[in-house]
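In the part that follows, the structures are each spelled out as structure tokens.
Shared between the two complexes below is chain A, which pairs with chain B and chain C, respectively.
Up next, the complex of A and B:
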């Protein structure tokens, strides 16, 4: 076989990305190994989180040295992550579908590029800016008009901020796809006497379904991993499961950041290892979401529907 | 912002070391890097320009990363001076006997409230513990009323606000509760992040600025806010609570009451200076006061680094402990006896 330098170099470069992914997973598993042993399975189902008394001498539990009173349960953070991201998607999808259709169908050609660029610009606004907006504008609004206790921090604030952050991601992918819909489809639908709404709903949207799901997955990825903006508006719920839209929550990503500094003063290092284990859980959740979406968009689930 | 910095801390520290190392080749000076407490950061930023102006060749980089990060990086030798609001724990000292906790200044903390119509609230450790544990839920609770005779307390749910990020403020606040309330000591302990009891009305806020915003946005809330944010808290219309000291008096945080707390432990401060000055037995002594620490290894890799650290910290304890620096960040200078102890520790750095 002939040696092809171009092929080999491209192959090596393309392997870098999966290699980085594997390295991250490997590091997380190796580093959190002791924490996984200590925490067991109830790690995922327990509500109470306690770093323990970092200023007393460590105790040995099952041969593992931990701070006294240390007890790590992350159900609250899993619930907060799924609830805030799910709610954000529920808010963002109708918004972004509307925005994309508006851009593709209703806006005069001349100002369309300017408007679509504006939408894309929102996607690159740093998350701290969204967080600040949440604190100064959104939270007082929620507190005054919606929340029964007058407290605006919590699940709803986090979800709305996340929804605003991900709307442009979904909208701009969908808008690009709508522009790609063949003219013939659109025009023949009009020729059949369809109204503008029917053209969009029946001739165009079905063709961009896959792209829409792809956009949602991309958006969900950002929502699940968002840290700073959520930390600023979520109310930092700990040891308590959310019961309403106005309950304080914590997401996995924001919780890791908020605890890291204290964890570093843990003489046994178990706190940092446990935070790595939480990161691993977040990684698995993201993986599961992506796999489900891939399945949805590839139509694997559709085939069954058609047969029945 | 502390959290954001925290994320970037490795990068920043590495960059600082890299640039400092670059500078070292050009000159003969030894580059020092300070990293840690966001509360001490403004003081270091006042100190370093003054110090370098009078000590040509000094090369000190400051970064704000959080006390925990400062401690961890100092132990690993990534930075020369770790800044921390809390001293090293016994277990940490046992694991790293070469690490010193050297007080540089005195800081304090206010308990602020947003209570329409009330301006002179008195609170105690057990009352605060009850509020943060969810046992005292209304402002007109009998325990609060007993401490505030003649004050018209509203029949409204209390919103306790705590820090979500790891913080020296949480450390000294939870110490006040743990030292004055046996129930809190047994269940919640103290630390820079603690396992806050499940209270449905509680809010977590990010950083001292987040605490001020959250308390201002939520009438009937209560929050603990570091002294460096006292001006912002006052501007936001928050009241300062008088707190019950060990002597049985309610005291407001003033230079006098904070100074009383500091001087009351000056004599009993041990040689390694790892002592809390929260809830001290002194008369008219404000209960939430703490030393701000430099966490430094006594065994530096090169004699030149050791002498550079000794020079700078020695200056910080003498000229640097001047009110002209301290008043800008609302800190207080160390009492003379503590200064001497700190200097003795600085002299150990090799």
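Up next, the complex of A and C:
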């Protein structure tokens, strides 16, 4: 085969993408190696996060040097992540399904592009600006009207902000899918005497169900990894599992940011290594979720399609 | 009038129920759309009102000291981080997009596409922590422009590659064949025929990457650090200020002046991000219609 310098050079450029991903995984695993050995599996099931006494001489456990009393448990952060993302999905799904239906079927053609652009623009507002809005507007509202303690920071605030951020993902996925539904299906339903709303709810929505679920899972992946907005409104709870909507929480992502300063002061580096292990856990969770979304949206799990 | 009225048959209870359900359904959907859009309008409103009130000449001429004075260091920092990240990301992203679109219709192309999507889905804080381990600790660069720019570039490249690929795919094959038939080489076909024809899409991708870079925070916390001074020209061993840092740390300070700086920073960031996204959508729509 002839050597084609141009093709080879663009190939090399494109190989940088997988190379970056491999490097991310490799260095996270390599750097967290000692932490994985030290923390073992109970890492995932323990509540207590304690950096240990950073000013005493390090002790050696199983040949690994750690600050005395150090114990790293991340159950609280896993719980915080799942609770805030789960609640966010519960809030976002009805909102975005309703918005997509209204946008696709009820809005006059002339203003539809403007409105659908507004929905898309919600997705591009930087996370940190959402956090700022949360602190200025949402937290006082929750504190005054909902929270028994008068403190608005916590699980509910984090979930609401997350829900707002992921709504456009679900809404625009569903909106695009609704526009793709064949005219014949709509018309047959109308011909049977269904009202316009029944056509949408009973003839069109079932057709786009798989796409909708794919969009929801994609949104879940985004919510799980969201950092700044959650960090700013979640109250940063550690060492205690959330018990109510107003409990302060930390998610895995927000915890990684909030621990930077204290981790740096650990002379044994064990807390920095453990944070690397936490980042790896977050990577694996989002990878699994995004892979599921991809399978769903590619139709590989769509039974009806496979049969035809 | 009277004829059509006489044709009207009394509705059964079931029909009435169906009609009421439908009406309620539409109302619920309309409310949902309102609830999705209202926060956006409120965010833009709140940030604009507070941000414009905080604007002053001092903002653009003085650096931050503590939480006082201006934002010159942060504005300049965001600018150079974005510029450096784009200098890395644009050639790599567009090159990768060219490979995927023109020569990537095989198994290797499929693998690259899949891994590129995985990288897009990776939380930015994970990329930031990776960069912290490798550049700050491993290479010993300290918080620095180089670490920040490379991290942001890793974040943007997969977007840029896929958008470039999509744009190049829109160029009809006969154009490539005509160029090859005239004896053009691979690079001539791509640079003189395909890329110019798809330039709107490629520029869209680059601009969206720029918007992401300006609005990103989490990966910079672990790579850029913070500095009260403007950039001193060093790529490593010198922390850099950036606007989004001002937003999330100054808003937690108790005094009104810090809050004013946070809102001013948020206003500037939002202005850039929304302006780029609105412009891109308007331009893309126009080219679609043409």
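Here are a few things to note about the model shown:
In this section, the second predicted complex is superposed on the first by the 264 of 308 C-alpha atoms of A that agree within 3 Å, B and C clash if a C-alpha of one lies under 4 Å from a C-alpha of the other, contacts with A are read in each partner's own complex, and residues count from 1 in each chain.
One rule holds for everything that comes next: a contact is a pair of C-beta atoms (placed from the backbone, for glycine too) under 8 Å apart; a residue touches a chain by one contact, two chains touch by 3 or more.
Keep in mind that what you see is a predicted model, and the values were worked out from it rather than measured.
Of the two partner chains placed around the shared chain by superposition, neither chain B nor chain C is touched by A:211.
Of the two partner chains placed by the overlay, neither chain B nor chain C lies in contact with A:85. In the overlay built on the shared chain, the residue A:143 is in contact with chain B alone; chain C does not reach it.
In the superposition on chain A, A:102 contacts chain C only, with no contact to chain B. In the superposition on chain A, A:257 contacts both chain B and chain C. Looking at the shared chain after the overlay, A:15 reaches chain C, while chain B stays out of its contact range.
Once the two complexes are laid over each other on the shared chain, residue contacts for A:274 go to neither chain B nor chain C.
In the superposition on chain A, A:236 makes contact with chain B only, while chain C stays out of contact range. Considering which of chain B and chain C touches more of chain A, the answer is C. Of the two partner chains placed by the overlay, neither chain B nor chain C lies in contact with A:34.
Once both structures are placed on chain A, chain A residues 128, 135-136, 227-228, 231-232, 257, 260 are touched by chain B and, in the other complex, by chain C.
Taken in their complex, chain B has these residues touching chain A: 2-4, 6-7, 65-69, 71-72, 86, 89-92, 94-95, 157, 159, 162, 164-167, 189-206, 210, 213-214, 217-220.
Residues 4, 6-7, 9-11, 13-18, 20-21, 23-24, 27-28, 31, 94-99, 101-103, 106-107, 113, 115, 117-122, 124-133, 135-137, 164, 167-168, 171, 195-198, 201, 221, 224-228, 231-232, 253, 256-257, 260, 272, 275-276, 279, 282-283, 286-287, 290-291, 294 of chain A are the ones touching chain C in the complex. In the complex of the two chains, the chain A residues touching chain B come out as 47-58, 69, 71, 128, 135-136, 139-140, 143, 149-153, 227-228, 231-232, 234-240, 243, 247-248, 250, 254, 257-265, 267-268.
The touching residues of chain C, when paired with chain A in their complex, are 18-19, 21-23, 25-26, 28-33, 35-37, 39-40, 42-43, 46-47, 50, 91-92, 95-100, 102-104, 111-112, 115-119, 121-127, 129-130, 133-134, 137-138, 154, 157-158, 161, 185-187, 190, 211, 214-218, 221-222, 244, 247-248, 251, 262-263, 266, 269-270, 273-274, 277-278, 281, 285.
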